[in-house]
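Common to both upcoming complexes is chain A, partnered first by chain B, then by chain C.
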Partner chain A sequence: MAWLDKAWVDTALETLTAFFLIAGALITFISSFGMVHLRDFYLRMHGPAKATTLGVGLILVACMFYFLLIERTFHIQLLLVTIFLLITAPISAHLLAKVALHQKLPSDISTTGAPSELREEDVGQEPDTPHPEDPGSGQRHSP
Partner chain B sequence: MIGIALWISFFLVAMAIILNAYRLLVGPSLPDRIIALDTMYVNSIALIILYTIWLSTRVYFEGALLIAMLGFISTVAVCKYLLRGDIIE
Partner chain C sequence: MLIKRCLPRPILSSILTMVWIMLSDIITYGSVIMGIILGIAIPLMTQRFWDAQPVVKKPLLLLRFTLRVMLDILVANLEVAWLISRPWRRPRPAFIEYPLTLKRDFSITLLASTISLTPGTISANLRLDGRSLLIHVLDTDDEQAIIDEIYNRYERPLMEIYE
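Then we have the complex of A and B:
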């Protein structure tokens, strides 16, 4: 890769590394601050589920740029960690939401609407209109 | 330039881990503590990567990958235990 030996490439890589480091650390800090600051569990889950993955991914991208700067080689292992975090963070967030609904954690007073697992009166109710292909209800056309 | 950015990043990620520890100790319910631990291991991956940049070695990449896998598996195991009362049915 001959284009990597130019003088401006070093400056560009250094700037990119510093930018991605600061951006990733800021986003990580903001997500953890949101986890302390927000009011109930369903709100607090937003930070770790989305923003932490982005922040750590940006720090790993910064590390890739840094090793491109000092060794002139790409390292795929760091991308592997990023892809693994991108795959596993939604799964753990989904399982944690299921745990919270299972334990019926209280939500904030200003939360409007609720998932059907938390609405006791709606569970088991019959629908208003019968299903068109249901043979037991409605008019039946004789063949 | 990278040195200054590295120190700022160290400070911010360490503050993030301290906030996670606060939520882990205070957290009113059990899922709060689980999600605090979950965020804590992801932040520790970030701290290991920052340490890797600071030392300019490639030794700790596998450590980051191992922490990612074990943290995910432990989170899923605790969640399954709380949901079903058993981990492997």
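Then we have the complex of A and C:
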């Protein structure tokens, strides 16, 4: 790749590397900042979902430019990493959300909409009054 | 007949082979042969887990859909980043029931993944009857607008592509 050995190409590659690296770091920082100040689990889930897609994607693009600049080689694996992340990130976010719903984690007061998954159910709850034929309750402490 | 039995999923096999070759940096005879072996072995071993192979009816539309999702990931990411970086502004989160019109498992999975990938919305639960999807939205004041947007941008193209 002869056209790569020009001085202005080096400058351009350096600029691009720096740009993508800083942009990726900024996105990752903002999403971890969201982890700190967002109020409930469901809101905090949105932060990492962002860091894995755009943040890591930008850093990997920067990585690709860096190796193009230093070693004059093109690493296709970095693109593969992005694709794998794009495939796996939604599935892990979905599973986290499912578990949170299953455990009925409380959502912030400002949340609108009440899904049936978060409502209190009658099924499977402890009965208030003991069963009359249950030997373990009721008459046990009587003399 | 023998080819069909050894290669039940030709697309998956070729993708696996290509990914293996790409992973092993330089193309050598070894990596190509290993890629072909994996491309044949993995589909055979995982055969029982797979649903019926989806048929792509409109490949061009699929390409356009992929590009649109990529662009949406970028734009929505920046929107959410802008929202999070102003902590004094309280977000207005919401749980939304999204009525599904897609029928097949594969396209529903694709839709749910797309919704989760575009930040600001996460598909939280697929109801057991497969007719509605529970979505958590980071910031909205108009639920119907979100539902319409998902329907027009993602679900209708997916339906045209796969169903």
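The criterion applied here is as follows: the second predicted complex is superposed on the first by the 115 of 143 C-alpha atoms of A that agree within 3 Å, B and C clash if a C-alpha of one lies under 4 Å from a C-alpha of the other, contacts with A are read in each partner's own complex, and residues count from 1 in each chain.
Throughout what follows, a contact is a pair of C-beta atoms (placed from the backbone, for glycine too) under 8 Å apart; a residue touches a chain by one contact, two chains touch by 3 or more.
Fair warning: this is a prediction, and the values are worked out from it, not measured in the lab.
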First, second, both or neither for A:Asp108, with chain B first and chain C second: second
Partner chain in contact with A:Tyr66 - chain B first, chain C second, else both or neither: first
First (chain B), second (chain C), both or neither touched by A:Leu80: both
Which superposed partner A:Pro90 touches (first chain B, second chain C, both, neither): second
Contacts of A:Gly47 with chain B and chain C, given as first, second, both or neither: both
Chain B versus chain C as contact partner of A:Lys98, first or second or both or neither: both
Touching partner for A:Leu38 - first (chain B), second (chain C), both, neither: second
Footprint overlap on chain A, comparing chain B with chain C: 31, 33, 45, 47, 53, 75, 77, 80, 89, 91, 98, 100
Touching residues on chain A, where the partner in the complex is chain C: 27, 30-31, 33-34, 37-38, 40, 42-43, 45-47, 49-50, 53-54, 75-77, 80, 86-87, 89-91, 93-94, 97-98, 100-101, 107-108, 110-115, 117-118
Footprint of chain B on chain A - complex, ascending: 14-15, 17-19, 21-22, 24-26, 28-29, 31-33, 35-36, 41, 44-45, 47-48, 52-53, 55-56, 59-60, 62-63, 66-67, 70, 75, 77-78, 80-81, 84-85, 88-89, 91-92, 95-96, 98-100, 102-103, 105
Complex contact set, residues of chain B against chain A: 1-2, 4-6, 8-9, 12-13, 15-17, 19-20, 22-23, 29-32, 34-36, 38-39, 42-43, 45-46, 49-50, 52-53, 56, 58, 61-62, 64-65, 68-69, 72, 75-76, 79-80, 82-83
List of chain C residues in touch with chain A within their complex: 19, 22-23, 25, 73-74, 77-78, 80-81, 84-85, 87, 90-97, 112-117, 119-120, 122-125, 134, 136, 138, 143
